[in-house]
C-alpha cells in the first residue's frame, strides 16, 4: 500500500504529512512494526518526543509522529515519509487495521458440535468442532464460537460476539452484542458463597445471573461469578485483561479497563471509566467512583471517590503514596538520625 | 410458596415470626432477591441492624431479620411478614434452597465421550459430550462430569462429585466424595520442580499424587499441583475460590476457605479452619496453624500461629498492622515534625 | 532396585557412599519418598544439615545426604545405606527418574480429533481425542497433544513438545522443540490493547506473534499474549509456573523461572536467568537485567539491574527492604518515643 493511500485513509486523524513538501517520497509499504524492529518498506510510529532517538536510526520507510517540528525535520532529512497527529497511538492502531485482518472462522456449524435441539441460532453463525451447547440457549447473528467451548443451559449470546476456544459459559448468563470472551474464560459460574456453621461450611446456592453488556471483552482464563441472588453485571464496553476475577454480585460500570490479575471480591460496585492496573485487589462491598484509577497491586478496602487515583495496600491517595514511598526508602537512615537526636537530647542537662 | 410454609420449613433456625401477631399477613412468595432489588411477592433479608434503612424502603413482601425489636416493628408497620434468627445469612441461604434448584444434568453417558474400556463407572453417572476419560479411572455413583473435561489415567473420583466443563484431572489424582471441581480447574498437574545446574534447569519428575478429601470445592481455573514425591492434600470440606494456586506438596487441613487468587508455594502446611482472603501469598514450607486468618494480599513468609490474624507483606499481627498503617499514612507529616525538631535541637546551645 | 545399582547409575554426582565401609548394607529399594514419609525399603534425601533430625528417625532404608560426616555416621549407626553429594536435591531428582516414568500417550491420532487437511504432521506424534487443529499448522516429530486442545491456524510446534489437555494455542504462535504447555494454558491470544478515545476504547488489532524458544515450560492456566506488532518472546529453557501472565510484546530471556501468579504487563524486557518469586508484578516497559531476583509479591515499576535482588512494592533493593521491614514493625513504638521526645523538647526552656 502506498504511503499516500494510507494518509488518505487516515486523513481524519492526521494534522500534517510529508507529501506536501516531499511528494516524491511515497514509499510502497508492505507492513507495520515497532520502531525498533521495522525494516525498509514498513510503517511505524513513536508516541512522543522522548522516543526521538528512534527516528534517527529506524529503518522504517514511513512514520506516524506526534506533532513536533524537530521530529518532522529529522524524518525528512532521513528520507522517511511521515504524518503527524495529536494521537499517534490511536492512528497507529488505525494503521494496523489497514494491514491486518484478524483470523475469523467462516460461518457454519461443525458436525462434531453437540447442540441441544432446543437452541435458537441466528444467521451467519460459526460453531466450531467439539463445541457443546445445552438446552434453551439463544445465539444471535454473526456469533463465532470457537472449538471446545461449553455453553450451559439458558444462556443468551448477542449478535456478533466471539467466544474463543475452551471457554465456558454457565447457566443463564447473558452476553450482549459485540462481546469477546477469550480462551479459557469462565463466565457465570457459582459464586463463592459459604456460610460458616459449627458443622462446617453451608453452601449458599447461587441462583443469580451474570450479565455482560454490549462490547465487553473478557481476557483469557478470567472468571466472572454469578451471585446467590440478583446479578453480577459488567457494563457496556468494559475491557478485562487475562486472569481477572470478578466475584459474585459485583456491578462494574461502562468503559472500564481492568489489567491482568485484578481481583474483585463480592458485591463490589464500580463506576464508569474506572481503570484498575495489574494485580489490584478490591474487598467485599467496596465502592469505586467514576473515572477513578488504582495503580498496580493496590488493595482497595473501602471506598474510592470519583476521579481519585489511589495506590498501595490499603489504598491511599496516589500523591500521599508517592511521599510515603520516598520516606519509606529512607526509613533506616531517618531512624539513625532519630536515635542520634534522642542521644543528644538525653545528654543535655 | 406461602410465607407460613417457609417459616415451617426453616423453623429450626427461626426464633420468632410475624405470623403470631399478624396471622393474616401471609404473602404468597414467588422468589427471593437482595433487599435493594426485591419486588413485591419476594422474600429477602438483612444481615444486621446496620442495614435497617433498607427495611424502611424495600418492596419485599417478607423478610428474614436479625433478632432486633426495632426492625420487627418497622417491618410490621410496613405490612411486611418477617421471621427473626440469630443467623440471618444462614437462614437466607436455606431459603434460597427452597426456591432454587441448581442445574444438574440427567444421568447418562453421551456417545461423543471417549472412555477407555479400562474404566470403572458407578451408577447414575452423567458423562457429558466430548469428555475424555483415560485408562484405569474409577468413577463413583452419582458423579457428574460436564462437557469437554479431560481425565488422565488412574484417577479416582468419589461418589456424587461434580466436575464442571473444561476442567482437567491429571494422572493418579484422588478426588473424594461430594467434591465440586469448577470449570477450567486443573488438578494434579506436575509441580514446578526444577533444580538449577550450570547447564540450566534440571526437571525433577513429579511422581507424587494430589488428593482432595470429601467435600472439597475448587474454584474456576484454579490449579493444584502434584509433588515430586508424596502428596499434595486438601482436607475435608475445604473450599477454594477461583484462580487459586496450590503448589506441590502442600497439605491443607479441613474446613478452610481460600478466597480468589490466593497462592501457596511448595510444601506449605495449613491447619484446619484457616481463612486466607483474596490474593494472599504463602511462601515455601510456611506453616499456618488452626483457625488462623490472613487478610487480603498478605504475604506469609514463615509461620502463623493457631488463631492468629495476620496482614501485610511480610505478614505481621493484624493489630500491629492497623497501627502501622495509621502511622504510615501520616509519615510525610511526621517527617516534617521530625525535621522541625531536629532544627530546634540544633539551634539550641 | 539395589542401592548399589542406584549408586552406580548416579556415580557421576556422588562423592562418597556407605558401600565402601558397609558393603553388606545394600537394601533392595522399591520406591522413593520424602524423608518424613518414606517407609522401609525406600530411598529418600535431605537437603542440608538443618534437616539432621530427620535422619535420626526416618524409616527410609537409603538416603542421599549432603557432604557431612555427622550425618553419615548417624545413618551408618541406624543401618541406613547412604550416598553423599554436594547437590542432594539434584541427585534426588536424578534418583526419582530411576523409579518413575511419567505418563506419556502412545503415538497415534485419535479418530475424534478434527485436523484441517492443510496440516503438516511429523512422525511418532500423539494427537488425543477431541483435539482441534486448524489450517496451516506444522507439528514436529514426537509431539504429544493431549485431549481437548485447540490449535488455531498457522501455528508451529517443534519436535518433542507436549501440549496438555484443554490448552489453547492461538494463530501464528511458534512453539520450539521440547516445550511443555500445561493444561489450560493459553498461548498467543490477543494482547490487551485498547486506546482511549472520547467515544470509548478503540481496539488495537494484535497483528504480532508469540514465540516460545526450545525447552520452555508454561504452567497450567498461564497466559502469554501476542502484541499489536512484533513478537512476544520467551527465551530458551525458561520455566513459567501456573497462572502466570505475560503481556503483549514482552521479551523474556533464557533460563528464567517465574513462580505462580507472576504478572508481566506489556513490553517488559527480562534478561537471562532471572527469577521472579510468586505473585511478583512488573509494570509496562520495565527492564530486568540478567540474573536479577525479585522476592514474592514484589512490584517492579522501573528497571532492575543485572544481579540485583529486589523486594516490596515499589521494588527496592532487598537489603534495604529487610531494614525497612524491621523498622516498619516497630513504627508504633518508635512513634511513641518520638512524641515523648517532642514533649521533652517543648518542656525545656
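Residue numbering begins at 1 within each chain, and the chains themselves are lettered A, B and C in the order written.
Assume a contact is a pair of C-beta atoms (placed from the backbone, for glycine too) under 8 Å apart; a residue touches a chain by one contact, two chains touch by 3 or more.
Just so you know, these numbers come straight off a predicted model, no measurement behind them.
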- prompt: Among line, ring, star, complete and other, which one matches the pattern of chain touches?
  reply: complete
- request: Determine whether chain A and chain C, two copies of the same sequence, contact each other through the same residue numbers or different ones, counting it as same when over half of the numbers at the interface appear on both sides.
  value: different
Inter-chain centre distance, chain A versus chain C - centres from mean C-alpha coordinates, in Å: 27
Task: Indicate the residues of chain B shared as contacts by at least two other chains.
output: 112, 130, 148, 166, 184, 221, 243, 261, 279, 297, 328, 338, 341, 345
Statement: Touching chain B in the complex, chain C uses residues 32-34, 37, 44, 87, 89-90, 92-94, 96-97, 99-100, 102-103, 110, 112, 128-130, 146-148, 164-166, 182-184, 215, 219-221, 237, 239, 241-243, 254-255, 257, 259-261, 277-279, 296-297, 312, 325, 328-329, 331-332, 335, 338, 341-342, 345
Field: Interface residues, chain C side, partner chain A - complex
entry: 112, 114, 130, 132, 148, 150, 152-153, 166-168, 170-171, 184, 186, 189-190, 192-195, 197, 200-207, 221, 223, 225, 227-230, 243, 245, 247, 249, 261, 263, 265, 279, 281, 283, 297, 299, 301, 313-314, 316, 320, 323-324, 327-328, 334, 337-338, 341, 344-345
